[in-house]
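Each remark here refers to the structure printed beneath this line.
Per-chain residue numbering starts at 1, and chain names A, B and C are given in the order in which the chains are listed.
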Amino acid sequence: MIFRLGDLAELVGARLYGDAATEVSRVDTLQDAVAGSISFLTNSKYQKYLKATSATAVILKDSFRQECPVNTLVCDNPHLAYARISAHMQPVPESQAGRHQTAWVSDSAVVDPTAWIGPGAVIEDEVNIGPEVHVGPGCVVATGVTIGAGSRLIANVTLCHGITLGERVLVHPGAVIGSDGFGLADDNGTWVKVPQLGSVSIGCDVEIGANTTIDRGALCDTIISDGVKLDNQIQIAHNVEVGENTAMAACTGIAGSTRIGKNSTIGGGVVVVGHLEFADNVHFSADTLVTRSFKEPGYYSGNLPAMPNREWRKTIAHTRHLDEMMQRLKELEKQVTTLMAKKGDEA
Amino acid sequence: MIFRLGDLAELVGARLYGDAATEVSRVDTLQDAVAGSISFLTNSKYQKYLKATSATAVILKDSFRQECPVNTLVCDNPHLAYARISAHMQPVPESQAGRHQTAWVSDSAVVDPTAWIGPGAVIEDEVNIGPEVHVGPGCVVATGVTIGAGSRLIANVTLCHGITLGERVLVHPGAVIGSDGFGLADDNGTWVKVPQLGSVSIGCDVEIGANTTIDRGALCDTIISDGVKLDNQIQIAHNVEVGENTAMAACTGIAGSTRIGKNSTIGGGVVVVGHLEFADNVHFSADTLVTRSFKEPGYYSGNLPAMPNREWRKTIAHTRHLDEMMQRLKELEKQVTTLMAKKGDEA
Amino acid sequence: MIFRLGDLAELVGARLYGDAATEVSRVDTLQDAVAGSISFLTNSKYQKYLKATSATAVILKDSFRQECPVNTLVCDNPHLAYARISAHMQPVPESQAGRHQTAWVSDSAVVDPTAWIGPGAVIEDEVNIGPEVHVGPGCVVATGVTIGAGSRLIANVTLCHGITLGERVLVHPGAVIGSDGFGLADDNGTWVKVPQLGSVSIGCDVEIGANTTIDRGALCDTIISDGVKLDNQIQIAHNVEVGENTAMAACTGIAGSTRIGKNSTIGGGVVVVGHLEFADNVHFSADTLVTRSFKEPGYYSGNLPAMPNREWRKTIAHTRHLDEMMQRLKELEKQVTTLMAKKGDEA
């Protein structure tokens, strides 16, 4: 499909510097762009590709406009404008309705006639599937699950019994929602399972990444609020609550009963221990270990980043002698104080 | 179902302070309890909810009894009592037997008539499935696998060829048991695969979390002993041995040939490198990197926990200059010793 | 099957010290070897088992030969020789062709007659499957995927639409290739999805571990080059490029648009942030956080490894006071300089 720059600028509220009638048909990065591409500059690391780009137009901030050799769409948030324009330029995927011959759907399930149940999918008893839901191949939807309108399970997703998905939820392959929480009571060295009787409640407009796992609550529900975005291989333990519009990068784990606030961002590989509580607008850097609650909005970090191995070995050795270092420092302070005092006496 | 407090106290050996004939029908947290709920206090973080609870009875330690406004079941291990009472109060799930019309079972598989093979499940050749085993939807049980009595694969579980599960093993969705270990030999810059010819042996009463992976051994077997509990997204590499009743929290990885002892606990996000060996009763905090064997029982930790980002930047900068700091400290010590000696000469 | 030591030595170019006609039929570790076993010594941690081994022959370096009580195959790279001999001694698994009665294959898919489509597998429209490909039970191969000759998907693998696998690629259960990248644009606190229009290109001779996830690119493709080996539960984000013959251990995550070089090794549990670029032959230790590009080949590390908890608590406390420590050190230096100066004046 073909789009005019004037229409695209209008769509996202950008100021167009160039010819409104010029047409583009694809989105590309600055370095891969060709004639007919619209491109964007959203990260200064890629500024070096701007001058030589073959794009027909570039979405960028005003501060980069002078540097750009081609038509520009100028706005304050080029990343957002790029997202909107890219979505606008894609053809809407054709929607299917009905069920594949190899799917199995329980007689007691209620499936909206506009929903699609794909090859090899399993829909168990008393499931409720809303309009325009897409259940991809190999998905398992267990007894009593509810899926809101427009939600999509891509493939091989498992929704355990009784969980609830809101509307327009997107779940990527291999994700598991509603597995038992890790509840164990210690009986003199052997473990007794604590029944996991709660469920999982997923809000609307949530995205759940590939192979991410979200456990059901022990008694109350695990709660993922509206607009939350979870990347791949995230682990959400039982009774966690994640506030609206919070985004987490891949490989992060949140331990049981912790409450993450709204509009927060959690980097990849973060570990948050259990029973903590956070303010809204809290941001954790990648690979941070979080061991206590932070009640103030802000940026928090931990961990010692990579350095050459030889330097690291020395650093770790010194770190392990910090207590001794501190003692030696204190001893020196005492001695210097004595010396200074004598000095004073002499003076 | 309805239960009398006197019967529940007797079940778990608790002392009842209150009316033995009082009835409860559900388990709830202190803050969500209603009339008819039995609740519990197992973590002092939730003590604040005790006084205002609407529960009919609370399971707790003697030290909290005076503070509790309602009937109490007093015992030394309220968490265990809660687990037992909660399990007792749940109706036993109805067991199915036979196979779903969409399951595929090889003619050479031996499946106990009391076992259930769910929708879309695949049972390959020479599999042996014991009494009251539950194979959920979408599970793949490959050639030669043995599953002991009462074990349950929830859904979309993969058991690779030849592995063995003991009795009453519970495997959550997406778990993979028996994938190839990561064995590679370096042939001048390209990798040659080392055949992974061992298997995986899972003991009895083991629980394996969602999307957890356990690799088969290179020559001998990977061994998960009786009573081991593994949370979600754990990675157990080839030839690892995990001792009885050890529990690991989510997102932990154990590298090849490492031996974890009995009755140990491993926090979430821990990384243990290969070829190590540990005593029994070893405990690692969340997100710890373990690079050497610990032969003494005890608690071990690593990592630098989260702090405000500005503070962290300073801390990391100083950490990188620890070597210089140490040199400056040594220089000072020399100078002060000289000064002190002169002082002595003067005196 | 039975093999003569002389033939095995010749196969791998080892020098045989012993009887070329002696026969072996199995491979075992030094400690588990029996008469008829060929064993190997590749890690000095296992040297202690050499003297008492019951193996018939041992593959080792020349430096260990004198210590070995039995026949030896001496070479410079015993690990490689063991890998080759072990592979040579295994019977080739019988290959199947055709499709299982419970598989579903779209009419528009092109499947080579020598390929196998296993039970419950789903092959969607316009898929192209090459000769001797093995698609195991429960695998989903989405629209437009291409799989090169000799590749194997073990079970429950998901290949998303349009991705490309080279030849002889081995994919373990639960892996997901081609899920959407985590692209979000911030619209005043809510997230707008950035369409993920790129694909994933997997080279030849790649191995992909259980439950590993590889996201499709936002615009260009995510690229996994020839000979790359990925362990279990690895996360590769959108637009990452991994150079030839690089190997990554389990639980590692690479954030978006980062370029990993050739012939690199990345330990388990490593987190590499986005938009970085690395030289070839870069090696990261287990559980390292990588926050900047390294342009020089070499070994890089981070993180504070496990120590007894009491020691760790002290260390962390001191670490948090490093700034104060530095101030006190500077103050001392000033005072000592003053004292030394006076001393000089007095002299």
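Note that contacts are C-beta pairs under 8 Å (C-beta built on N, C-alpha and C of every residue); 3 or more make two chains touch, one makes a residue touch a chain.
This is a predicted model, so every value here is computed, not measured.
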item	value
Turning angle required so that subunit A lies on subunit C, C-alpha fit (0 to 180°, nearest 5)	120
Subunit C against subunit B, contact positions shared by both copies (same if over half, else different)	different
Whole-Å separation of chain centres (CA-atom averages), subunit B against subunit C	24
Contacts with two or more other chains, residues of subunit C listed in rising order	102, 120, 138, 156, 174, 211, 233, 251, 269, 303-305, 307, 319, 322, 325, 329, 332, 336, 339
Subunit A-touching residues of subunit B, taken from the complex the two chains share	27-29, 32, 43, 45, 77, 79-80, 82-84, 86-87, 90, 100-102, 118-120, 136-138, 154-156, 170, 172-174, 205, 207, 209-211, 227, 229, 231-233, 245, 247, 249-251, 263, 267-269, 286-287, 303-309, 312-313, 316, 319-320, 322-323, 325-326, 329, 332-333, 336, 339-340, 343
Residue numbers on subunit B that touch subunit C, as the complex places them	102, 104, 120, 122, 124, 138, 140, 142, 156, 158, 160, 174, 176, 179-180, 182-187, 189-195, 197, 211, 213, 215, 219-220, 233, 235, 237, 251, 253, 255, 269, 271, 273, 275, 284-285, 288-292, 294, 298-305, 307, 311, 314-315, 318-319, 321-322, 325, 328-329, 332, 335-336, 339, 342
